[in-house]
Structure formats: structure tokens, C-alpha cells
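Before I ask anything, here is the structure I am working with.
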Amino acid sequence: MAKIDIDHVFKTYAGGAQAVRDVSISIRDGEFIVLVGPSGCGKSTLLRMVAGLEEISAGEVRIGGRLVNNVEPAERDIAMVFQNYALYPHMSVRQNLAYGLKNRGTPKPEIEARVAEAARMLELEPYLDRKPRALSGGQRQRVAMGRAIVRHPAAFLFDEPLSNLDAKLRVTMRGEIKRLQRRLGTTSLYVTHDQLEAMTLADRLVVLNKGEIEQIGTPLEIYHEPASTFVASFIGSPAMNLLQGRSTENGFAIGPDLWRLATGPLDDAAITIGFRPEDVTFTRDMRAGPEFLLDYVEELGAQKLVHGTVGGQAVSATATAEFQPQESMRLTVPEHRIFLFSTATGKRLRTPITPMQPAGDFSPVKA
Amino acid sequence: MKRAQFSSSLLPYLFLAPQLAVIFIFFYWPSAEAIRSSFFLEDPFGFGSTFVGFQNYIDTLTSPEYLGIAAFTALFTVLVTFFSLAAGLLLAVKADKVIRGSSAYKTLLISVYAIAPPVAGLIGMMFFDQHIGPFVRLAALFGWEMKVGLNYWDTTFAMVFVAVWKQIPYNFIFFLSGLQSIPASVLEAAVIDCRNGLRRFWTVLAPLLTPTAFFLLIINFTYALFDTFGVIDVMVKDKAANNPITLTYKVYMDGFRGNDLGGSSAQSVILMVVVLVLTVFQFRFLERRVHYG
Amino acid sequence: MYRTNFRDHLVLIIGSLMMLLPVVVAFTTSTHEAADIHMNGLTLVPGDHFAETYETVLTRQGGFTGKVTGLTMLGNSLILGLGFAIGKIVLSMLAAYAIVYFRFRAATAMFWIIFTTLLLPLEVRILPSYEVMHKLGLINTYTGLIVPLLASATGTFFFRQFFKSVPDELLEAARIDGAGPFKFFIDILVPLSRTMIAAMFIIMFVYGWNQYLWPMLMTNDEGFYTLVRGIKQILIVWVGSQIPDYNEAFAMAVLAMLPPVALVVIFQNWFIKGLTESDK
């Protein structure tokens, strides 16, 4: 068990391209941190630098207080779970689990005890003498987990460990990883591009974009207080609606429409207005909000997903199963559920009208 | 290259050392020696050598004998390549089509691959033997008095025959594996689009097989040029005088029988250039016209 | 999808017969007496002199020096085949390992130095090679017979292709598991390459066994003759004899082709895999 400090870390390649730029994260002992972002955002590179598989161009990484920049991966006291599992195909499950311990000169009885313990925890006992190719995807995933567990490392590093599984198994394994991590209390760094996986697993999320940190926070903080349009659009499903507009005396001009809001004029004239689909309600009250032109409705069973446009820009909204399309619908959103961003920088604007809503009374996604 | 590598300054050289040592002593040194001695005239009695510039090359390339052998080599190469590719392709297409017994055919057809060229030559020689050869008897039925070893063209026929026989399994293996790597869905689409089997072969299968065929073309050239040495050596039995031989065989004859070191070296270098040209041709010229699925 | 038709089978049967009949005839004829063959020609009917002929070929001392037997030649062929195959696999695995798995300054240069050897076959440099061997005093030695044949990159190329197809994560996992360059090679890469090694072994054994030109140059001491090399000797002895020993010649041919043919037929799946993957 250990804390991990990532301090002003850069990754610069030979050509000058920067994969990671000035990233600092301080991970507490036993914390589950998820690095999330689109592909190419540098999340895997960052993880691999912590693992020691990638050289650190600048900055420092400390595991348990020890500077590890020039320490071999095997000496860093970490264990890693790979996307393709990287099981040794010619070794049985038992040998796969034992290999790392054997290389460290762990005494035989100790190895056996730890392998047995991991196998029991992951319900791998019946498969110990099988080769990886005789296992299903989920079982291989477990073996990869087991290989990490037996080592009792200071930290687990996960590199998209669930993306080779089918959707159903992914949900099951997600729960299992969370349970296991809670039980072992091992500091974990987890990379994924799947925002739902990130939300459900993380104690804290780190949203990365183009090699830089966009925001760090608990899943609810990130969901309720996105720091930028990037985070707002990346976290949450269906994605937050983002409409380009201008700030005026009476509200926001979105295309020909005017959305009356009590914000008053802002310094930034070009703003992006953001609101989540689940915060939208429809009304026929002409003064309530801008006009919503319906495109089509997707049936999700318990809910409906309504797609249309406001001022020529796409908007989606969740609606109850009873929703019926009507003529000349108006769209409303509670004012405290509206986020304002600078269109130029994408950063969140301090909006005078929206008193901070304490998280808790409205939590769409349970961690 | 790999994303993950060890970085060690000494170890890779340690691992490379044995291979490099062998290559330098037995490849680069002799090759350099060949180039060097191609510019010298060796004294027949072993008293040193004189630098003669390009004279060895000029002598070689203007000798009617050499040019005759070069022409024969070209003919031999084209014949062997064409017939062994055609037979290999035909058998592979058929073997790919049959379901029942296809693995038995495969086994039967590839076994000859492992026979050494001189052994193939020996067997071939028996079949074309003046006294006991069944092929000679067969030819006699058609009024063809075959005299392999005596008649230039009869010997050529026998040599090509044996060389092709020995090479068919190789081409068969590659064409078959090329055919089997074509996705079933493509074949099914072709069956729906085109009723005529022959037309389907030329419009769908053949283009997809061109990478294989092209690779084999070069391999067969090299085979006919170099690997047929054993076949030729056995069939002409050191009596090269009236018999057809290839350039490679001539290098050997001049070097070891005629003791013409300079001339033989010049011929070696000329062959090296031919091989290099073939290789460059392979990478630069033909590859562009080939479909890679 | 396709209906198998009679014509396809006919072509295949004719093809198979064309390929195999000469081999079968070589064997059946070898079981007859020389005079019998001289009179009746080649035959498909087995004769009754099998034991006799093969015993003679294997044990009778022959050649000019009168000391070489078929068994000696068989032994030499085995030494050449095994020595070449094993040497090739060891050298090329090590070299390919260095090229694929290490980051070092001269990597590209090394790659080209090694792979240039693919361009020029031994046949174009036989005379200078002979001179070099002569200078090194390697004529009539097993070293001289085997080692120079290793000076080509075919095996290295093959293993390089295979190593490149091994997922990167395996090395990373092994490094995290505490394996260094040697451990990774021995514990992971070699066991992982078992099939490839088997395939390479078959191809290289056949290649070594079938060598003809090189042994012909490198050995004039008959004690070093291989079976394939011995073929030439039979032919030289023939010149001037009344009734050539057809039976013994065929028996030699059968002995010379039996081991490689058996190897290829028995392990054909490995062999085909090795062949088609190394050259593409």
C-alpha cells in the first residue's frame, strides 16, 4: 500500500511531439484513480510511465515516497493488468500466477499459498492447470487480475483491462474489480476511455485531453461541476447539450431564438450554454424557453430519448415513457442546472445566477 | 520495431556476435575476394597475379561460348519457371476444390520437395537412360530417338523435365496456402456474381493470387539459376562439352576444372549483379502492379 | 459451395502419380539385380534382392580409398543435417532477438549487414569461399562443411518476423514480473517459439542434408562424404563398367531421400507453416 505522486510529468517524443504535458496528480494510499479521456489523450502513456515501461521525459514519479524515475519496472513494486491480458500462453494458469513471485525468489510454500489465495478470491481454482487458450475471455481477465494480486504490490495499474470483453461481462467484471480493490485496499490507477466505467469505478477521476489534465475530482463533482466543455461533453450519457450563443441584456441569443435567463450580460459575448438531457422539460408556455423543433424519438423502454433542434443546433432530452410529441414545444431547464462556458476557451464561466447546487439531492449516477 | 525493448549497450552485440562472425568470415570476405580477384589475372603456374582491370569482364562478356551459355540459361530459366508454376498452380487449384481426400493429395504432392537436386537428377537420368529408361522407350514409340547426354536438345529436355518435377511441390504449397488464405466470403460473393467457373478464376482468384505468384516467380528464377546445379552436374556427368549448362555451372567449371580464377570470379560478380537486379526488380518494379488484398 | 467433380480428381491423381511414381520405381527397381535391370529396364514390381542390395550399399567399403561405407555417409549426412539445423536455429534466434528486442545504436546497420546475405546465394561465390576455407585450413572438417552454410539470414529473417508478431505486452508483463533479457528469452520467448523452431528445424535439416555443391568442394577425403555427395561417386565409378550397378545406385538414391522425405511428410503441417511464413 502506498501513495503515488505524479509531479509535473512530461512525455516528449524524439520528434518533439508531446504526449503528456505537465501532469500532476497526488494519489492517496488505497485510492482508486481512473484516468479517462479519448484515445490519444495520453492516459496510457501516463500509466506506462508510472509502470516504468515508458521513460519519463521530465518531472518526477514517486511511489510510496520513493523516487522511481530510474527504477526498473520490476523494482517499482507495482502490478499491471493489460488490455490483452498478456498471459504467457505456454504456461498454465498456476505458472502464470507464480512467475513473478518465482523471479523474486519468493520461497516455494509462500508462492503456493499466495497462488491458492488469489485463485480462491477469483474463483480460478478449477482452472489452475489449464493453459490460457483453454479459458474464456472473462476467465483470462481473472487470471490477469490474479497475476497482479499474488504479488501484494504497492499499487495496481490497469490499462483498459475490460475493453476486450463483451458488454455484459464488462459490467460484471467492473463490479468485481471494484469489490476486489475495496477488499485489498491497494492503491489503483486505472485507464479507460469508457466514461461509464470511469464513473462507476473511480474514487476520483482524472479527465485528460491532449496530454493535459482537464479536471480532477470525484465522479459527482465532475458530473455536476464540469470545468470545461470537453469534460461536460465527455462525462455523462447521453452527452450534455452544448449550444453556441451570445450573451445579451435579456438572456442568450441562440440563432434567431432568445432564451430568457436572469444572468444579465456577461463579459464574454460568445458563450456556450450547456445542460444535461435529463434536466430538460417540455412545455407549451411560449415564454418559458426557446422553441424546440422535434426530429425523432428513440424508445429506450423506461424512457424516451427526444432529438430535435434549438435555433438550428442539435439538442437531445430524456423524457418519460408517457411523452407525446406536440406542436410548438418549448424547452425549459432549471436555471441552476445550466452551465455557461466561454466559447473561445471552452472553460466554465462563473455564472451569477446559478448558486452552487450541493451534490446529493440529485445524483443520476450512483458510484 | 517494438514499442517495448530492452535498452542495453552490450548485450545485443553479444547476441549478434556469432551470426556476425559467420557472416563476415564466410560471406563478406569471400564476396570481397570475388570482386577483387575478378580484376586480376592469375598466373597458370601459381606465380602471383597481375592487375588487368576490366579485362576479365570484357573477355567473359565477349566470349561467344559464354554468351551461348547465357542464352541457354535464360531459356532454361524461363522454361523451368513457366512449367513448374503452371503445374503447381493447376494442382493447387484442384486440391483447393476437392474436399474428400485433399490432405492425402497434399501429402503425395509435397513429398518430392525434400529430394535433393542431385538425387532427383540421378533418378531422372535413369528414366532417360539409353538402355533402361522408360521415357526413352516411350519416345521411341513416337519415332523420337532420344539420346540424353549426347544430343544437346534431348539433354535440355531431360534437364528441364527433372528440374520442373523437383520444383512443382514448392509452388504447389505456396499456391495452395495462397488460395486457402482467400476469405470464404469473397469466394461466395464471386459465386453469386459470376456463374462461369473459369471466368471466376481469372477475374477473382487470379488477381488475389498475384502476390503469391509474383513471389514465386522470383523464387523460381533463383531456383533455376542456382539450385539446379545438382541436377545439371549429375546429368552432364562432367562432360560439359556438348551438353547444355547454366552460368552457375560454368562458374564452377572454370573455377575448379579450368583453374581460371579471374575469369570465374568475373562470372561470379556478373551473377551477383543479376541476382541484385532481380531483387531490386522485385521490390521496385513489379510490386506496384500487383494486387495486395 | 463447389461440387467436386471427377475431372478435378483426375488431374490430382495424374499429378500425384507424376510426382510419386519415379520415387516408387526407384525403390522397387533397387530390389532387383543389376543384370536383371539391365535387361528388363525399370520396374514397378518389387524384386527379392532388397536385403542384399541395401546391406551391400550400407556396409561394403567402396570408393577409391576403399574405406567409405553407406553407413559412414549416412552418419555424415546426419551430422551435416543436424549440425546445420541446430546451428542455424541457435544463431538466428540470438541475432533476431537482438534485432527485435533491443534498442541500440547500430541496430539498423546490423539489420542490413545481416540481411544483405539474403541477396547472394552461395553458388555465386563458391570459388572465393573455397579459397577462404583453404586459407583457414577447414577443408575436410565438419566445421568447414557446416559453418559456412550458416552465413545466410534466412533463419534470422524468419525468427525476426515471428518475434515481431509476439505482442509487446508479453515483454512488458515479463519485465514487471522481474524478468531480465536472459530470463525473458529462456522463460518466455523460446517456449513460445516451439512450433516455429520445429518448423525451422525441418526445413533446415532438409536443406543441410540435401547440400551437394558445398560438400563436393569442401571434402575430398571420402571419410567425410555424405549420401548426397556420394551420388556423384557412383556416377564416376560407372564410367567404363559393363553393367552399371543400377540397383546400388537406386538404393543410394533411396537412402539419400528417405530421411528428409519422411520428415517432411510426417511433420508436413509444421513444415508448410514454416515455409509459407518465412518467405512472405
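Order of writing sets the labels: A, B and C. Residues in every chain begin at 1.
By our rule, a residue touches a chain if its C-beta (ideal position, glycine included) is under 8 Å from a C-beta of that chain, and two chains touch if they have at least 3 such contacts.
The structure displayed is predicted, hence computed values, not measured ones.
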Chain connectivity with chain C absent, coordinates unchanged: A | B
Dominant interface by contact count, named by its two chains: B-C
For chain B paired with chain C, centre-to-centre distance based on mean C-alpha positions, whole Å: 17
Separation of mean Cα positions, chain C and chain A [Å, integer]: 58
Rounded Å distance, chain A centre to chain B centre (Cα mean): 60
Of all residues in chain B, the ones touching two or more other chains: 4
Sequence positions of chain A contacting 2 or more other chains: 53
Chain C residues counted as touching two or more neighbouring chains: 169, 172, 175
In the complex with chain B, residue positions of chain C that touch it: 1-2, 4, 8-9, 11-12, 15-16, 18-20, 22-23, 25-26, 29, 37-38, 41-42, 90-92, 94-95, 97-104, 106-107, 110, 113-114, 117, 119-121, 123-132, 136, 147-148, 150-153, 156, 164, 168-169, 171-172, 175, 180-181, 206, 209-213, 217, 228, 231-232, 234-235, 239, 246, 249-250, 253, 256-257, 260-261, 263-265, 268, 271-272, 275-276, 279-280
Chain C-facing residues of chain B, complex: 1-9, 11-16, 18-20, 22-23, 25-27, 29-31, 33-34, 37, 87, 90-91, 94-95, 97-101, 105-119, 121-124, 126-127, 131-134, 137, 165, 168-169, 173-174, 177, 184, 187-188, 191, 215, 219, 222, 226-227, 229-230, 233-234, 237, 248, 251-252, 255-256, 261, 264-265, 268, 271-272, 275-276, 279
Sites on chain C touched by chain A in the complex: 167, 169-170, 172-179, 183, 187-188, 191-192, 194
Contact set on chain A toward chain C in their complex: 51-53, 72-74, 78-80, 82-91, 99-100, 103-104, 147
